[in-house]
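Would you mind keeping the following structure in view while I ask a few things?
Every chain is named by a letter (A, B, C and D) in the order it is written, and numbering of its residues begins at 1.
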Amino acid sequence: MVTSTAAELEPTDGHREEVESVVVRFAGDSGDGMQLTGSQFTLATALAGNDLATFPDFPAEIRAPIGTTFGVSAFQINFGAREIATAGDAPDVLVAMNPAALKVNIGELNTGGTVIVDIGTFSDRNLKKAGFTEDPLANGSLDDFQVLSIDISKLTLESVKEFGLGNKEALRSKNMWTLGLVYWLYDRDRQPTLDWLRDKFAKRGNIADANIAAINAGHAFGETAELPSGLHGYKVRHADIAPGLYRTVTGAEALAWGMAMGAKLANLRLLLASYPITPASPLLHILAGMKQFDIVTFQAEDEIAAVCAAIGGAYAGSLGVTSSSGPGIALKGEAIGLAVGVELPLVVVNSQRAGPSTGMPTKTEQSDLYQAVFGRNADAPLVVLAAASPADCFEVAIEAVRLATKYMTPVMLLTDGYIGNASEPWLIPDLDAFEPFPVEFAGQAEDFHPYSRNGETLARPWARPGTPGLQHRIGGIERQDGSGNISYDAENHQRMTDLRARKIAGIADDVPPQGVELGPKSGRLAVVGWGSTHGPIHRAVGNMLDQGLEVAHIHLRNIWPLPRNLGELLSGYEAILVPEMNNGQLVTVLRAEYLVPAEGLNKVNGQPFKITEIENAIRARLEG
Amino acid sequence: MVTSTAAELEPTDGHREEVESVVVRFAGDSGDGMQLTGSQFTLATALAGNDLATFPDFPAEIRAPIGTTFGVSAFQINFGAREIATAGDAPDVLVAMNPAALKVNIGELNTGGTVIVDIGTFSDRNLKKAGFTEDPLANGSLDDFQVLSIDISKLTLESVKEFGLGNKEALRSKNMWTLGLVYWLYDRDRQPTLDWLRDKFAKRGNIADANIAAINAGHAFGETAELPSGLHGYKVRHADIAPGLYRTVTGAEALAWGMAMGAKLANLRLLLASYPITPASPLLHILAGMKQFDIVTFQAEDEIAAVCAAIGGAYAGSLGVTSSSGPGIALKGEAIGLAVGVELPLVVVNSQRAGPSTGMPTKTEQSDLYQAVFGRNADAPLVVLAAASPADCFEVAIEAVRLATKYMTPVMLLTDGYIGNASEPWLIPDLDAFEPFPVEFAGQAEDFHPYSRNGETLARPWARPGTPGLQHRIGGIERQDGSGNISYDAENHQRMTDLRARKIAGIADDVPPQGVELGPKSGRLAVVGWGSTHGPIHRAVGNMLDQGLEVAHIHLRNIWPLPRNLGELLSGYEAILVPEMNNGQLVTVLRAEYLVPAEGLNKVNGQPFKITEIENAIRARLEG
Amino acid sequence: MNVQAEIDTLKAKDFASDQEVRWCPGCGDYAILKGVQRTLAEIGTPPENVVFISGIGCSSRFPYYLSTYGFHTIHGRAPAVATGVKLANPELDVWIVTGDGDGLSIGGNHLLHVLRRNVDVQILLFNNEIYGLTKGQYSPTSRIGTRSPSTPMGSLDRPLLPAQFALGANASFVARAVDTQQKHMPDVLKRAHAHNGASFVEIYQNCIVYNDGVFSSFAEKETADAGQLRVEHGQPMIFGKDRQRGIRMVPDTFSLEVVEIGKDGVTEADLLVHDEGDRILAGLLAEMRGPDYPVAIGVLFCEETQSYDTAVYQQVAQVREHASITDLNELLRGGATWTVTE
Amino acid sequence: MNVQAEIDTLKAKDFASDQEVRWCPGCGDYAILKGVQRTLAEIGTPPENVVFISGIGCSSRFPYYLSTYGFHTIHGRAPAVATGVKLANPELDVWIVTGDGDGLSIGGNHLLHVLRRNVDVQILLFNNEIYGLTKGQYSPTSRIGTRSPSTPMGSLDRPLLPAQFALGANASFVARAVDTQQKHMPDVLKRAHAHNGASFVEIYQNCIVYNDGVFSSFAEKETADAGQLRVEHGQPMIFGKDRQRGIRMVPDTFSLEVVEIGKDGVTEADLLVHDEGDRILAGLLAEMRGPDYPVAIGVLFCEETQSYDTAVYQQVAQVREHASITDLNELLRGGATWTVTE
């Protein structure tokens, strides 16, 4: 183990090693500002022209006691000179702002990786709080890593001395000092962060000054201190990225904007009715701040009220959207059945999290596919779509609105806590280039039948209250074909059940045929994914293809109905592997639909797949 | 068409034709007492030694205006000298107490069948109310049937004249007059009904007398009137039935008693928490009247409260049972997930009805299998059992209690409106002969871990509040293996998810291997059913076997986990046909589990399968 | 959109749909249907701007029998659906029809919150103290001891008083009507409609099949005069056949008593004058019941406030006025961006 | 089972579990935990006969920190679970812990019904006027204008007053405590425990992270005396640092006013004497709030009645006593049967 204290460190020679990609994790106490540090580093990295993906990892507790392991907050970024598909399996660099952060994260660091610790926080008391019985910096437990022990606390205090802050306030700049050091390590430009600090603390100039001084001090430390052997500056070259204007976007943002855009394309007011729940709340929060875009948001008394208000909004001619996570979606099941029966458009967003029951609200999982496809009483088919990445949420949201309004049907949109919180660079689309799909409300009183059907889509007309002459009654009791009046007629129920099923099944003709993202269009093995497993599958299949294995990546957006060509496509592979962050759900649907011997690769530990896990599974099947 | 008025009729010669089985449907206005008539006829038929099955068909409205089609109430009975599997595809005899009853039911009568109508109700006004534009008795529309038009109203009034009842009250005996006639037709003993009338109207002797006089008059009419040619008395011989003490039982009764029996065998207090809903309410009603058997019933404010109260009861050491129908079960989904997570025993009864949404509450369907197996957020496996007939409810209820308490798991018991209301003869079991399975609560404070596991069942201990030293905390957040403390640990969640799945999967070893009810153990075609399709499948397969076709009947009680041997069993058939009163749900599960090319035979018109429908499907597959 | 265009021409029958009414003969719902149709005609909002939303129950079949827009939703959820309708289009006249089971058992939470939020809807709760549609189980308003299929030995739980519940929910309008009081009902309903906010109207309704006569002590012709106190804002509280009885405050207490005018020196001037704005008084009126007290009907409480939907759209208007970014393209390009060049 | 065996030996710390308490440092929940542990020790029911049931929220973590039986259920449903516990075993001491979101938003219906039914449980509603656990959205008790992540421009809906809601729900016991009033709280909680029926206790709780200081006008050391009126049955309503202020009925109205003792001839005898049995008075007390009025704490209302669970088991006992068929075998053989012989 190599550790050094600040005093020993001397300037390096300025040599920078080139690396293709790096994973850095910032970890500290909830109060240490790690999320902010991470997002500034992300921006700087994007500006440096790297591709990247990030993932924040919040503690489950709101504000755990300082220094405890369950109060640790982390932010991971994977960036590189090549396409980046995930936030990275394991960090190459771990920044640990206190013993607890070290404790929680060290297990995941790559062997030979670098740990930067703020030794100023390694008091006996803090070690004990973190659950260490011995000092990990002294007992050899870090021998596999490069350890850079710096008294960041002290150095920060020194660097901001002149601004006359209290000790507590001054220490708040520790994260910026650290960021400065990491900026130096990867040769990032500090300027945007300095600008951002000026702007953010415009009214508290000395805070801005202190933070800026801290960044600069951290950076200078890197430039001037002699790092332990093997540690030096790195260079990560430009990635080959499509030109254009970029920003980073989280899944929650992309979803909110996509929903707003979908409503605009449909020419509808958007009514989002929701009830807070982790990790779904951000959609509500973001749309609540977008009222200028003909958006109304409603925090209902519970999830049932939320979905019902969205249905009411749809009945009155708005785009009704409701949003929750697993337990809340379970509560909406009965009402979603009503929407299926009355055939009103409705978008239901499920930000999945680990379950069952309350489960682990802050951990990710993709285990609500069954609930989405099957989770209602009776035969109640609807459309299920899944977003594959933060940026993908934008398009999937628009598609959800398109299908809901065109086919007068509820659409369940599956995303998850990982996608929602993770961010990635996004080539900002030109919204004016999107094809509008304005809703045509029923307008003609003559020959109006609320349950007549469009010959092509089988959708019934959408007649808005307020339209003269179109008064009609709908409800949850079976409706007579055509008139919509209550009907207990046996054959009518058969016909209506068939119509509802056919309408949804027919949507398979209106969605793109399933493509193959990587690899051959038939062959030995297809890895079929959906949702947020996209990144690791994509990279793993890419790597295996590079290594000459015959494997393809197929990723489903359309979970129900499945794309028309999927059965044929899958039958072209000898084996099918379905990685899912659940106990095997899509795999059930594929097996039942196509009688293909698809096998699951399942993981439910609240963590996204690692690329290596998928690589290993592919190898086991092709080489074993 | 042959019609006769009472005046024309002369005595017959007393000859009785022997028939193997007959289907009779009594139909009249809701106020005409058809259900009562039917149940008396059922009793007389049982006493005559026939096998039988019955099905009542109530109107959806509480009390529709008299004489309307939607106010028609019917009761069908199939009885015979052979084993009777269903209430019959189509009636051979229709008793229509008014024009509306004729209108609603005539379409289902077998060609050549007999209609008995009370011509005294065929006024212009009543015809119009029933939606007839012409008199169906006069316009040749009944030419395909034997029509017996009798002025039952008038004959009844005459027969009860001497008891001094008002006109309205006197007419109430019409149903008994008719029953007397039908008793004569099928040579049934009147005495039990006469006794029952005496008992029922013990305090209103003249009402009893009038009804008795009406029965006797109806009977005498049959004996003395000359029936139209082709119409005469019938004889249905004893069926070959196991000896013993019998009663008729509806599914709702058998379910209630089975639940009470299960609780007794488990040595537990039974807490039923429910919220009224058609067709599930009878379980609540029946158990509410059984408080002397250590049964507490609770009408909760809604279905969510009901399931939660049942869970609370289970936590406190009772047998928690909750019961509803599709829409109500949908509401319980979130809480059932809690029960899965905290691993408490819970029995959830779903009396299925036609959906989606409110659907057709009084019509039957089996479309909640998806909801039962898949309808919760996250991976939340539980046990799903299905009852096949009214009497089967008794055993399935006991089995549900046994599995719930032995494995500390929720069990979903599927029944449906058809089973619940239908009745069949039941060889009353000797309850003392049942093997008890008393629950062993945790009692030892030393080394108590709420999430330790029984090595064989994987069940956790059940520690009742009130037990000194076992205080512990459980909840919906993921629990640490062993201690049950809150845990966000990644590997623990994986382990617990796997344990929950393994525990349920392991139950496959504790249920009987799947048998074949009829036909070969492998071969050309297996018809696989579940729930209330049992009757028609059984009879249809039996008939086809009689005709030399190679077809088997397999009927599943264990829907999840599936019996251990089922995959192998199914793989022995070339084709598998799965008749379901839904759009194809069990078939999905079988295909996904075993990759067998099972096909659905689906029907969702609110009516049970007809035997011929299944016969035709079998023939199409074997002869086509 | 209270366009009064056809006010002079609309008749009660213009608000009847073509569907056959399917309640039990003699059910109190028929009378309420008539009363509502008459009220709608008198209000005069064109039928296309009127929406009736209901849950599930006999009462909740109501929308099918009206020529307006109607939505028969699911059990207990009508207030939530109606809130969505108002948020999507606040111009519509929205009425909710619910029962004592639908509104106070499974739907209690939504009723609570629609009242608290003060969404501009009219809520008609048909209270028959029983579950009609599911064949007669007791409800949260059933009196202790009610024998029903689920309580064969009599119910044991304390009932709710719907008006008291509504007051506790911070409702801004609470009123009562009786199915048999055909003249009185439209007045109450018109007041409910005029109120800007959530108007709660409990309507005593006789279920002839499962709970016949449960209100006979005040709802029948013979008992109405002695059993009902019709309150009117600013008017003294008088009742009885000869209008000889009245309600007075019991001095130095928070309670009311029945007095005989002309007896023990009591004059009309001693009687309490109804004040719709007094929530506490409304609570006292809500609690009154027989045999010693008359049942108060009419508008028990009315507080003028802004409705939730009005406030929502005011806020939207404010945001629109002050928003710096009003174009989605612009929003996406706000914050930190960077350009990648070829 | 109120076995008082260990009454002399049980200490507050005997009611602490081995789990690390994980609320934010400075959260009012810590003080309530202390108060409850002290109360439990003073009541002296052995820990194995005590059950705490909660929903979801910061407050609902409570059971983990007690050495009693505990069940952390799902959002809003604790009253329903607790009802099941009491119906299964009425001997247990059952406490419900809930928040303003858990209890009054998603769980409003269950709270309504557990109160109405009068199940013998103690309900502690931690009111911090915010959703803590989900990071600060407004709740049904948040004041109009509350800015929160879901209402960035300020909330628009009228809040509920929990005590008023409980009274409207026909609750038989309604009380209030304050997290900072450590001496007062156990008295209130012991009264709640002693009450046979559903006891509703609203506890004002400071959420230091998302709603800090929302009760500062009466909950802090400096403001407590002037801001709180501690009501006690049979005692005149006096408050203020020097106990110089009091509450008086405004003559001929249903309202209260604050008076200064010794000013304008007001003496203690003029003050209103608290009557726990007066639901209307309780409603008036519930409505009082600053700046002009003190906030009433203590037992606002208490009505002695039979609890639901007691009644249920009485009825069961009656049935047992009178049932003619007490054996299942016999039941199955009741009614019409027939014998088939070989």
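We adopt the following convention: a residue touches a chain if its C-beta (ideal position, glycine included) is under 8 Å from a C-beta of that chain, and two chains touch if they have at least 3 such contacts.
The structure presented is a predicted model; accordingly, all values stated were derived computationally and were not measured.
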**OP:** Could you tell me the least number of steps, going only between chains that touch, from subunit A to subunit B?
**Re:** 1
Original post:
Which chain has its C-alpha centre farthest away from the C-alpha centre of subunit C?
Top reply: A
Original post:
Where the centres are mean C-alpha positions, what is the separation of subunit B from subunit C, in Å?
Top reply: 40
Original post:
In whole angstrom, how far does the Cα centroid of subunit A sit from the Cα centroid of subunit C?
Top reply: 45
Original post:
What positions in subunit D touch 2 or more of the other chains?
Top reply: 56, 74, 105-106, 108-109, 112-113, 140, 153, 312, 315, 319
Original post:
Considering subunit A alone, which of its residues make contact with at least two other chains?
Top reply: 70, 291, 301-302, 304, 327, 334, 338, 342, 357-358, 475-477
Subject >> Graph class of chain-chain contacts, one of line, ring, star, complete, other >> reply: complete
Original post:
Which residues of subunit B touch subunit A in their complex?
Top reply: 60, 70, 304, 325-331, 333-334, 337-338, 340-342, 354-363, 365, 367-368, 370-371, 373-380, 475-478, 488, 490-491, 493-494, 497-498, 500-501, 582-583, 585, 588-589, 591-593, 595-597, 603-607
Original post:
In the complex formed with subunit A, which residues of subunit D make contact?
Top reply: 20, 22-25, 56, 58, 74-76, 105-106, 108, 131-135, 137-138, 140, 149-153, 209
**OP:** Provide the residue numbers of subunit A that touch subunit C in the complex, in ascending order.
**Re:** 43, 46-47, 49, 192, 196, 241-248, 257, 260-261, 264, 269, 271, 273, 290-293, 296, 298, 300-302, 304-306, 308-318, 320, 334-335, 338, 342, 428-432, 464-477, 485-486
Original post:
For subunit C, which residues are in contact with subunit A within the complex?
Top reply: 1, 17, 19, 46-49, 51, 53, 56, 63-64, 66-74, 77, 79-89, 91-92, 109-110, 112-113, 312, 315-316, 319-320, 323, 325-326, 328-329, 331-333, 335-342
Original post:
Which residues, counting only subunit B, touch subunit C once they are in their complex?
Top reply: 61-66, 68, 70, 275-278, 281, 284-285, 288-289, 291, 297, 299, 301-303, 327, 357-358
